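Presented below are the structures under discussion, each in the form of structure tokens.
Two complexes follow with chain A in common, the first pairing it with chain B and the second with chain C.
Showing the complex of A and B:
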């Protein structure tokens, strides 16, 4: 298993490999941020306010004299952490709901799907804005909001898989052998229904980061002076018209590259799936 | 006749969806923790003040009655009053919807043109340079945060090259024209003011471009995929083998068949556009629906949030209906 890993990696499309390389770098930045940066994420250098890139502050400082590079590296912790946590919630919740609806069928499935339809009538980001505004912006609330909002597509996906699996002989055999409902759901149906999720989840992580950053950008996400990329761009937006471009530009590049990493992995896997 | 019956059927099916949407919009605020009245009254309010506010807002009534009276009001065009500005929400909506609609329509139109042209071009040059360039562009558009892209365009074209106007307002200050339709390009034309028209175009340039870039990406990918499918299909290859003129082949076969899938995806993308417009209005200080809703959200003005969510969802649902009708009209195979 472990020995075959390198060979498996080589067989992945180059897009996926490029995406994985980017994400590895971002993850390393997140883990080692405190040791990589001379400044704390909210530490102020009283000598330099809004100074451009220079030795000691390689990406400049913001209006509070905080080091932009240090904040970007620390920001990877928040952005990556929230994205992965919220997608984990979305996958778990969506999978459970989809499994139960698909397996139970009947009125439960019918009513459940209509409720999901209702939620799908709302543009995703607008629902996120409204829920974030009402719940308030603690980190836990943000993770829950983004997680819940991204759950319905997983429920749909898993339900569709379960419905198509139900007619397969091995499922019928397992049922005839007297497996309990729980064992049917988790030992026989779930493992076989999971594959499409592996493709969607990376793309979803990219969306989740964009959603978090967008919420922070308009003041409904991570509050200032938290080192989150969207919040940093928001604070830096005012500097742009004065020509001080570095406070908004660099966190945006970090955000873009990270989302690109997730999209490369997701789209690469999708293409691989299509070819098969 | 067939189309009319189909539209009628779909309109009837819309009713339960809209009831569901209004229920969610209404209960979203009430299901969540916290008493909405406490968001409204000042922190120094006494119990008597709170009770008075509750009565004034009708929150002492049973929830079902509150819902029915809210929906009844909405049917008469009454969305209630903002609790922070005390302005009528309907009046605010009427004033701001055209500004947002203008951005959305131009961005969508631009994105559709770019996506169809680019997607078909990419498919015809499959795995060659144009295809690679366009796929890279789509990957970029799918990954770039739109609000940051807007800021970068301001940095480049306003701050740097100085070819774009400052990111605020719809026309230059000295060129104001009387508002009749609320759509600035139409109003400047009605006023016969050519200079104001050009200025309005100038101000629309960057926000529309930003929105269009981010929604072109998913559309482009889908057009490319369906064009590739058409190119590989038996009926297209048969038509090509019979030696039809390249123009006919392109217009009547490739384009026609590729476009049948576009409406459904455009509707989904329109939802992204609606959400994205909130961010873009914020970046460009565009005083549309998004900015209005955002302010309401930042101060938790819950009738405003409720109205915005309701309007956005209704628009989205109606756009979906429209897309299905267009699809049915384009593709005779669709069962109506």
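Showing the complex of A and C:
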């Protein structure tokens, strides 16, 4: 399995490989952030406030004299971490719910799906805003909020897969072979229903980062001194008017590139799925 | 005889990611006016490629060489309006699955009118459509006009398909596996209808894997193996004195309806399952249209029995087999298995019963979980009884051995198996747990003919041990006679005949049984005719 991995990787479309390359770079930047720059993310350089790119501060400093480059590198930790953790929650939760609804059918399915409809009736961002405002904006709360909000589409996706799988002979064969409900769900249905998740999850990671950045932008995300891209863009937005473009633009580019990476992976996989 | 359609040295190459696939190599054949040519071969042999090459419908990347002429005119490289004219009036094609080849959103009458408008406009299109439907034997053609394809049966759709193909008076009619998915009686009717179009100078080409069915209607047979023609000659010569080894294999694989079950015992074992007054009614939408799929079925299955359930498609034989398996809850009656009424059991209680009854399915590929290895598939039911992994592993080897598969198959996934191997895995899964009752749902109908023969031999060997009961659902009477002790004939949800196989075959009492017997395709009657 491990040995066959490189060969499998080569067969992936170039889009996916490009996306993976970008994400690997971002991940490496996140992991090695403290060693890549001499400045801490919240460390202030009293000599330079709002200075443009220059040796020592390659991407300039912000209004507090913090190094933009090191804040971006450290921000990758938060943004990537929150995105992956929240999507993991969404996938797990959505998959479980969709699997059970699709398999059980009947009234449980009917009621369950209507509850999901209720959740999805709210605009996603407004819901996130409300939850974040009520629960407070700690990191855990942000992850949970974004995770919960993204779960219903996964539930729908898996349920639809399960419904079509139930018409396949091998599912009936599995029941005739004497499988329990648990093993029907997790041995026979789940592995066959997972493929579309692989496509959606990376796209969703991109969305999750944007949502976190948006929440931070309106002040409900990562608290102020925290190095997070959305918060940095928000804080830097005012500086642009005064011609200090670097405080908002560079985190914006980081955000764009990372989301692009996720989208390339997701859409590349989707294209592969369509062809198959 | 001057040829109508003449194919010379046709070769088709399809480039794939790994290598170039030679779909056809040096194929030369011709169809004369008023002649019915059958093209026979197994799946993957390239027989459909001939139809595609002639009608210029090869897959995009395919490369073709050779020469195709119609009435002496070169039609190998046609384009634009000339190609359109050729496709309708020159060569017309009937597709494999008529229901999916018809547009689902337009009534068949409108589709018929479209066809007339495109190729020979004028006149009262509706009247012409009625006439065309009448010609292909559709009953009440006026009423059929306003129906959608999904409201028609498979046989009716195929008739519409033929009417569409004939609409522009083609010089040659090509039918690509026109009877897939139809039952025996219909297969005969449709093939007769297609063959009857070879008149007034028109030639007919029928492509099929079923040499027995083709031998009934074709003047000439062309046998294709791996992209090459291995035999080409008058039907009688090909079926009676095949020169080629592959042709002989195809012919030998056709079950002979006169072949009888080798061992027959008068004595039957203990009762295993007893169905009494079983009825199944499917509820229609919103509780309306209650359709009885089975009514008042009594059946006794004893240890050592090999019972065939025979009937046309839609007769209720699959409902019956699923009821026996406890997959379907009957709406009336009792299904007693080893002294318990399994119709009343919950999911959990049924699980306990599963170790005594197992099922083998029609389409082996669809019946195996695509994400599991052979080992996991076979061990699936075993997990019910054997918790110990090493002992389970020994049982897996034993089951694989029993169906003639090497233990080296264990790590393979279903997509790495051939159809025959997949069906062997399906059998191994059913046998691994050593059940008392095995239900086989048309276990060979999705397989190629030569593979069918192998699987039937395997099943026969298993049933002759008489250590358990086998119930085999089938529409093919020839295999049933050679394989089963008893036959149950189902028609419209009722058992219309039941008894020892020979009694049913030699003196069929019910008209339905006789109809099924007459329709069974076999090379045997061909032999008798010529003697």
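Some points to look at:
We adopt the following convention: the second predicted complex is superposed on the first by the 274 of 276 C-alpha atoms of A that agree within 3 Å, B and C clash if a C-alpha of one lies under 4 Å from a C-alpha of the other, contacts with A are read in each partner's own complex, and residues count from 1 in each chain.
The rule is short, and it goes like this: contacts are C-beta pairs under 8 Å (C-beta built on N, C-alpha and C of every residue); 3 or more make two chains touch, one makes a residue touch a chain.
Nothing here was measured: the structure is a model prediction, and the numbers come from that model.
On the superposed chain A, the positions of chain B and chain C stay apart, so the two partners fit side by side. Touch criterion not met for A:106: it reaches neither chain B nor chain C.
Contact with chain C, but none with chain B, is seen for A:181 once the two complexes are overlaid on the shared chain.
With chain A as vertex, the superposed Cα centres of chain B and chain C define an angle of 90 degrees, given in steps of 10. In the superposition on chain A, contact is made by A:169 with chain C only, not with chain B.
Looking at the shared chain after the overlay, A:55 reaches neither chain B nor chain C. In the superposed pair of complexes, A:248 makes contact with chain B only, with no contact to chain C. Comparing chain C and chain B on the residues of chain A they touch gives the larger count to B.
Minimum Cα-Cα distance between chain B and chain C in the superposed model: 8 Å. Residues of chain B that touch chain A in their complex: 17, 20-21, 23-24, 28-29, 32-33, 139-140, 142-145, 147-148, 151-152, 154-155, 158-159, 166-167, 271-272, 274-276, 278-279, 282-283, 293-294, 297-298, 300, 302, 305, 308-309, 312-313, 316-317. Considering their complex, residues 325, 327, 347-348, 351, 354-355, 358-359, 361-363, 366-372, 380-381, 383-384, 426, 429 of chain C touch chain A. Residues 114-115, 117-119, 121-135, 206, 210, 213-214, 217-220, 230, 233, 237, 240-241, 243, 245, 248-249, 252, 255-256, 259-260, 263-264, 267 of chain A are the ones touching chain B in the complex. Residues 168-170, 172-181, 183, 187-188, 191-192 of chain A are the ones that touch chain C when the two sit in their complex.
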